[in-house]
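Common to both upcoming complexes is chain A, partnered first by chain B, then by chain C.
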Partner chain A sequence: MTERASLEPGAVSPEGAGSPLLSVENLSVSYAATRAVRDVSFQLHDGEFVGLLGESGSGKTTLGNALLRLLPPPGRISEGRVMWWGSARTGEAREGPEPHRAGRDLTTIGQEDLRRLRWREMSTVFQSSMNSLNPVLTIETQFRDVIEEHTAMRGAPARQRIGQLLEMVMLDPSYMRFYPHELSGGMKQRVALALALALRPRFVLLDEPTTGLDVIVQRSILDNVRALQREQGFAVLLISHDLGTVMEVSDRVMVMYAGKIVEDQRASTMIAEPMHPYTRGLLGAYADPRAREVEIAYIPGRPPDLSRPGQRGCLFAPRCQEAIDVCRAEEPVLSAMGQGEAACHVAEAAYAAGDGRRDQSARAGEVFTAPAGRTDRGPRVERRQEVLAVAGVHKRYRSRRGLKVTEVDAVQDVSFVLRAGTVTALVGQSGSGKTTLARMVTGVERPDTGSVTFGELRVDRLRGRGLKAYRRHVQLVFQDPFAALNPAHTIGYTLSRPLINHQDVTGAALRPAIEELLERVGLSPASTYIEKYPHQLSGGQQQRVVVARALAPDPEIIVADEPISMLDVSIRAEILELLDTLVRERGIAMLYITHDLLSARVLADEVLVLHNGKLVESGATLEVIRGARDAYTRQLLDAIPNPFATRRG
Partner chain B sequence: MSTPIGQVAKPIDSEPAPGDVAAAVRRSRLPSWVVILWANRKSRIGLIMLGLFIFVAVFAPLLATHDPKVTDFAQSLPPGGAHPLGTTASGQDILSQLVYGARTSIVVGLVAGTVVTFIALLVGLTAGYLQGWVDEVLSFLINLALVVPVLPLMITIAAYSPVRGLFLIIFVISITGWAWGARVKRAQILTLRSRDYITAARFAGEGRLRIIFAEIMPNMMSLVVAGFLGAAAGAIGAEAGLEFLGLGDPTTVSWGTMLYWANNSGAMLTGQWIWLGAPGLAIALLLSSLTLINFGVDALSNPHLRER
Partner chain C sequence: MRYFVSRVMFFVLTLWAAVTLNFIIPRLQPGDPAQTMVQRLAGQSEAIDPAAIRAVQIMLGLPTGSIFEQYVDYLQAVVRGDFGISYTYFPYTVTHMIAEALPWTIVLVGVTHVLGFVIGTLLGAAAAWKRNGKFDTVVSLGSTFIGTLPFFWIALILIYVLAFTLRWFPEAGGYSGEIDPAWSWAFFGDAIYHGILPALSLLITAPIGWIMGMRNNMVHTLGEDYTRLALAKGLRQRRVALTYSARVAILPNVTGFALGLGTILGGTVMVEMIFGYPGMGKLMFDAISNRDYPLMQTIFLFTTIGVLLANLCADILYGVLDPRVRREAQT
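Presenting the complex of A and B:
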């Protein structure tokens, strides 16, 4: 397949150059009463790299699944068509001039036709490829399944082709004898990608292909995809909630909100001139951590419930800073304006009046600022009281596999202190020993050598009752708030337990104490939350409850393990702001574990960079981030998705 | 974050609509489990059927037209007249026997079901939560109980026991029936004990017992209830089976003994199919009612499912 010429900027509009590869026409998808995708139309051209961006529940995955007809029941396409314009190739006749392009409606063709089309013409990489590879088959067998089903290739040539495919995703061909569990998460994702490209499809759907992977691995996989796409010329639809990543790799970005596409424009112009207020809000969540002043914004409120009938007007209006009267009465339609398309009355009016510029800064919404120095936030770091000291700890894990015993040094000679009212960020990729250190601080794990001291208390020697008493002083904030709240209990019950156990609050005093906790984490009026179950709250609210529970025993130390990585981009800053306020006001020492240097830059006073169990760099946040000396720290910094940085080739 | 195909979606970040059932639970003065089960159509039918059986059992003396043990009537009467289902070969009223027989089955189902569930919970939860050598020992016991052929063991114990009667049968069923439940509960607690919210409970200062019974148990309530219903159904079947084999007390009135006497008197040969069919159908219907209720128990431990 020859490389296709990259598209002109003008080709973005649907009426532009050439015929599309895939066109979606007024597509609606519903799950029972919920209209997850509402009247979506767009086109995808040969060789185009398009990003589809949206928060959880925006309908982006549903849309992706609908394109491939993979909707799980009770989801169904209620309206519209998905036209596939790739010619219906038969046999091996892949080369030569293309015959007339006959459009086929993917929503109506038979299962057998669909089966032939899938993988050969259109393939996909799912979010959790860890689970999409069959654990009982070797990598080679899984490739053979695909290749032998769709082509006449057998035996040695097939094997050779598999080797090529693995090399293409930068894996050694010898990995083909391995089973999925023998590969790391990033490797499995690469295998899934190679598998999707095995038959040279014309269209690849990538559904959050790097979610859950480390920043560095994520970066290298996306760079790989981008390079392959340039080389082989397939079209990509990249579904993601991470605007930074999407902006960096895509030619064109579509933003989805509440089941509709609200903005569609080229990535390069979107950064300079986002049209929809929602896009502006999302862009506000990104910044360069190396800048002198960093401010990140969030969009207050949350998405609407699409199962509720009779909602009028623009569904973003309740969260919109720029909303005008017409927004509440009439739902805007996606129409051409500026450099692309948007569905927004305000933007439309602005473009009608002039060049579309609006007065408000791109960082509409609430802003959370991290100034260059932290001097305005109370006394200097050095003068704060030391709460917990970790001195020269080592931890070695042994694991037995077959006859071999392997030893892993999880943590080697790490020392640091936690101070009251100070956030210490522990940065590093998975496997760097972050979690082991956090477990030592909480007393769950003991170091082989070295000590962990809390005041006079040797945490590394605690057991049984002593450990239980120590937990009053150290509390956890978890990564996944949904998993951290017992689904069978109400919020009120969950918060009452630490109060009863650690603070001896009982009887009539309990309810006011719970309400106070809820108010303190910004859930007000508190009385409306007490009776609710966790699943009735949004992700951001759940995380606030988790924080409230951690505050209940009035702890000296809070260990926060990636508290924002599972949350939507638009609300991350909100949780960071909450943590920041609590730490400063209540003088809590926080150990903030993350792989995200931007959030560390905004929240933390000190940064510890951990690599393979060793502390490679530490110091005041600004010094470490702006003057990174260690190669690994710089690698981490480079891996941060940043739409404002110059785009990579 | 979007959900991959084939997985249960986490609640999305949107304004949740007030759930119908959840709201009904809050409004109602009935115990919440009744409201939750009632919301499911199949389990509603099951509840009604079970309710009818319990009603018959409780008010048996009022509903039965005759004393079930009296042998004063003409033998082997066909259905009709004073005896709507006819009489037995020894001159008892079949309908009255059927009505009183419900008592035995309900009592056996309830008591044996409770005892079996209790043993299974105790063994399963302890083994799964404590792990280590306690788990090794208890798992060994569970596996031992699983491989013992239950029916021959039941027959042997029942046949050699010096006493006969209902409570022997309940005892036999209980000590042979707990192993599966224990095994399932142990497996479930193994997955639940490593959840984040259990770690969180530990940091909230909860003790071991509270973690097991207040944090973990509510999340396996559907398993416990399903286990109870299964054990009750098994016990009712086993009781009827043992009595049919003549290992119960033949002088009591139950559906099992009815089948035993019908079989012994050659009811099929004399054309008295109702004598054999009526208790059989009653057992089948009672077991069906328990199975139907089982359809609704998933919602018990998952508040999210109540909102459909």
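Presenting the complex of A and C:
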């Protein structure tokens, strides 16, 4: 496979040099009343690496599924075409431009023709590949069936090829005998990737291929994808909600909002000059955690409900700081400007008038600032009141398989204190012992040796009634807000439980108490939320409810376990700001568990870095991050997607 | 492999426990075990027939020697298949009576159970594959409707129409009085002829559960990512439907199927009573109505063994079909 000329920067403009591999023309997709994709057009060229960026619900997966004609019911393509210009392959005729290539419309092509194109020409890795392998077939069988369906390869050569494919994604060939459940999440993802490349397709659709994996694993898989793409020259459409990731690996980025593509330009120019206010807002959510002063921005509000008919004008207008009158009347169309394309009245006018410069800074949106050292939370950290002390704790887990007993030292000799009005970040890879420590703090787990003391109370010796009473002082905020809320209960009911159980609030006093909690977490006016059910709220609002519930018993300590990792980038900073305010105003001691050093930098006073159960680094946030000595801490820093850093080769 | 060995060992252990309990329980009460047992089954107030006590004593083995010797005697008797003399069918042994009835039940219930499962699963899978189509509508509505009808009602309609009115099949019995039960073709033919009606009645109702179960499971697996990925891979429809969707959807049903096998040994009282069929169900009914304790006890022991065997089958089948239970996750 030869390197393609089109990979050189600048060789392909979004408008396309030469004929495209895939062109989408005015595509609209709806699920009953929901118009998930609205009039989308773009082209994709041979060997191009294109990112599709947008928050969840913006229609990325729907668009991807429509391209491959895999829409689940009731999804339906209501308008438009998807033209495939790469004819069914004959020999190696795919090199060089083919002037007379006949296009085929994938939305109307016959089932049998489509089946022959599939996987040979276009393949995919689904969002959450956790479930995209058949649980009852071996990995080998799942490669073999597709190889035997589309090629003449059989028996030993096929087996050898499968081995090569696994090696290509850095897995040992012996894994082919395994069943999916015997592999870890990252390994499954690698298998799914190898499977997608099994027949050397010309186009691969990757839908959030690394979401939900450990940051370091994510990094390594994406680097792997990019290297393979350079080597084999297939075209990629990478779907992700993570701007940092998309920017770093893609040649070109398309930004999607409310079912429309609102910006399309080369990644290198987009960083310097984002045109659409939404893109500008998203870029504001990133920063270098090593800087003296870190500012991260968020876009207030939430995306529109696409099932509501009769919405006029730019659908981003309610969240847009640059909106003008015409925005509310007329929906902008994607048109060429600057170095690419964008759909925005204000940007269009700015480019028509000159170089596109706008009054607003690129960091549009609300800003949440983390200064070099936190002084806004009262006296110096060491002088704040100590709330909980963990001293020299050890925890060893024994697991028995057959006669073999394996021992894991989950936590070894860890000591730290939590102080009032202070956020202590606990950073580390999955499996490093973060959760075990958090469980000790909440009293769920007892250390083998060492102590956990809360005031006069030995938490590690509590049982029964005492433990129950202690729970009032320590509250939890989880990663997945939806899973943490009972879908059958209203928000009001959910919040009333801890008030009744811990605070003895009853009767007429209950409703005002609930309203006060909701207002405190920024859900206002509170009365509109009390009767709602969790599914009627956005992810960010759900997380606010979870925080409100944690506040109800008036706790001294809050343990927040990755509270923003499942939220969209555009609203993460918003939740961080909320947590920050609560800590400051109520003097709460917070243990903030994460593997995201940027958020730790913004929120935390102190950082503890955990690696294989040992505390490898600890101290004031900026010092730890700037002076990272431990190899693992540096790896974590490198794993933070940073669109502003020089792009990786 | 270890999984299967452990399952078989578990089976042997529970089997031993069941047999032993059968020995211990009558001896736990104070006094003569036979007398107490008959008393308990007959009700406190009733006068006890000495013949019944004698029959039970024979079944239990006379309490001579130490409890350990009695236990060994008992185990040997169980292994020999010696469960004493039936009280109702004197002088036939219990073993003889069961040996007479068991084949009838095993053939009738066994065949319909397997056929019902196969038919139901296939129909359910086909309905799910073409979900919301015409076939699906007919199958789903049809099975829901039949599912609401009481079984005896269906059986009686069948008897009325096919046997009484049209006279295509005999109304009752397992074989004609004119033919001697023997290993002859004539007898076999006659037995099958008699078996068709009860089998038909069972086959109308047996697939219902499997249809619904399979359809629901498969509608679910059809929406799973691995099925959609199989489509994206450009595999043929047949392979996607069978190896990806149906293969996973069938798993929960297989357990139900294997467990259902356990009921075979107990027979189906209702079918056998309605059709006057000479199987285990009828034998059990007779044993209970005549207070034939040795026979009852032995039939209960058999049913227990049936359930244990079925559990073993279920575990082994599941292990063969689902790799997830065979090997533990290693990460």
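Remarks
Simple rule for what comes next: the second predicted complex is superposed on the first by the 624 of 649 C-alpha atoms of A that agree within 3 Å, B and C clash if a C-alpha of one lies under 4 Å from a C-alpha of the other, contacts with A are read in each partner's own complex, and residues count from 1 in each chain.
Quick note on the criterion: a residue touches a chain if its C-beta (ideal position, glycine included) is under 8 Å from a C-beta of that chain, and two chains touch if they have at least 3 such contacts.
All of these numbers come straight from a predicted model, not from anything done at the bench.
In the overlay built on the shared chain, the residue A:241 is in contact with chain B alone; chain C does not reach it.
Contact with chain B, but none with chain C, is seen for A:211 once the two complexes are overlaid on the shared chain. The partner that reaches more residues of chain A, of the two candidates chain B and chain C, is B. Shared-chain residue A:568: touches chain B; no touch with chain C. Of the two partner chains placed by the overlay, neither chain B nor chain C lies in contact with A:396.
Within the superposed three-chain model, A:484 lies in touch with chain B and out of touch with chain C [touch as defined at top]. Look at A:540: by the touch rule set out above, it reaches chain B but stays clear of chain C. In the superposed model, A:70 lies in contact with both chain B and chain C. In the superposed model, A:502 lies in contact with chain B only, and not with chain C. Contacts of A:135 after superposition: chain C is touched, whereas chain B is not reached. The residues of chain A shared by its contacts with chain B and with chain C are 70, 72, 126, 128, 131-132.
Every residue of chain A that touches chain C in the complex is listed here, in rising order: 68, 70, 72, 114-120, 123-124, 126, 128-129, 131-138, 145-146, 149-150, 179, 181-184, 401-402.
Per the touch definition, chain C reaches chain A in the complex via residues 2, 223-226, 228-236, 239, 243-244, 247-248, 251, 321-324, 327-331. Residues 1-6, 10-17, 19, 22, 26, 195-197, 199-206, 215, 218-219, 221, 301-304 of chain B are the ones touching chain A in the complex. Only residues 55-57, 60-61, 65, 70, 72, 126-128, 131-132, 207-208, 211, 239, 241, 302-308, 442, 468, 471-472, 474-476, 478, 480, 482-489, 497-498, 501-502, 531, 533, 535-536, 538-540, 546, 549-550, 552-553, 566, 568, 571 of chain A touch chain B when the two sit together in their complex.
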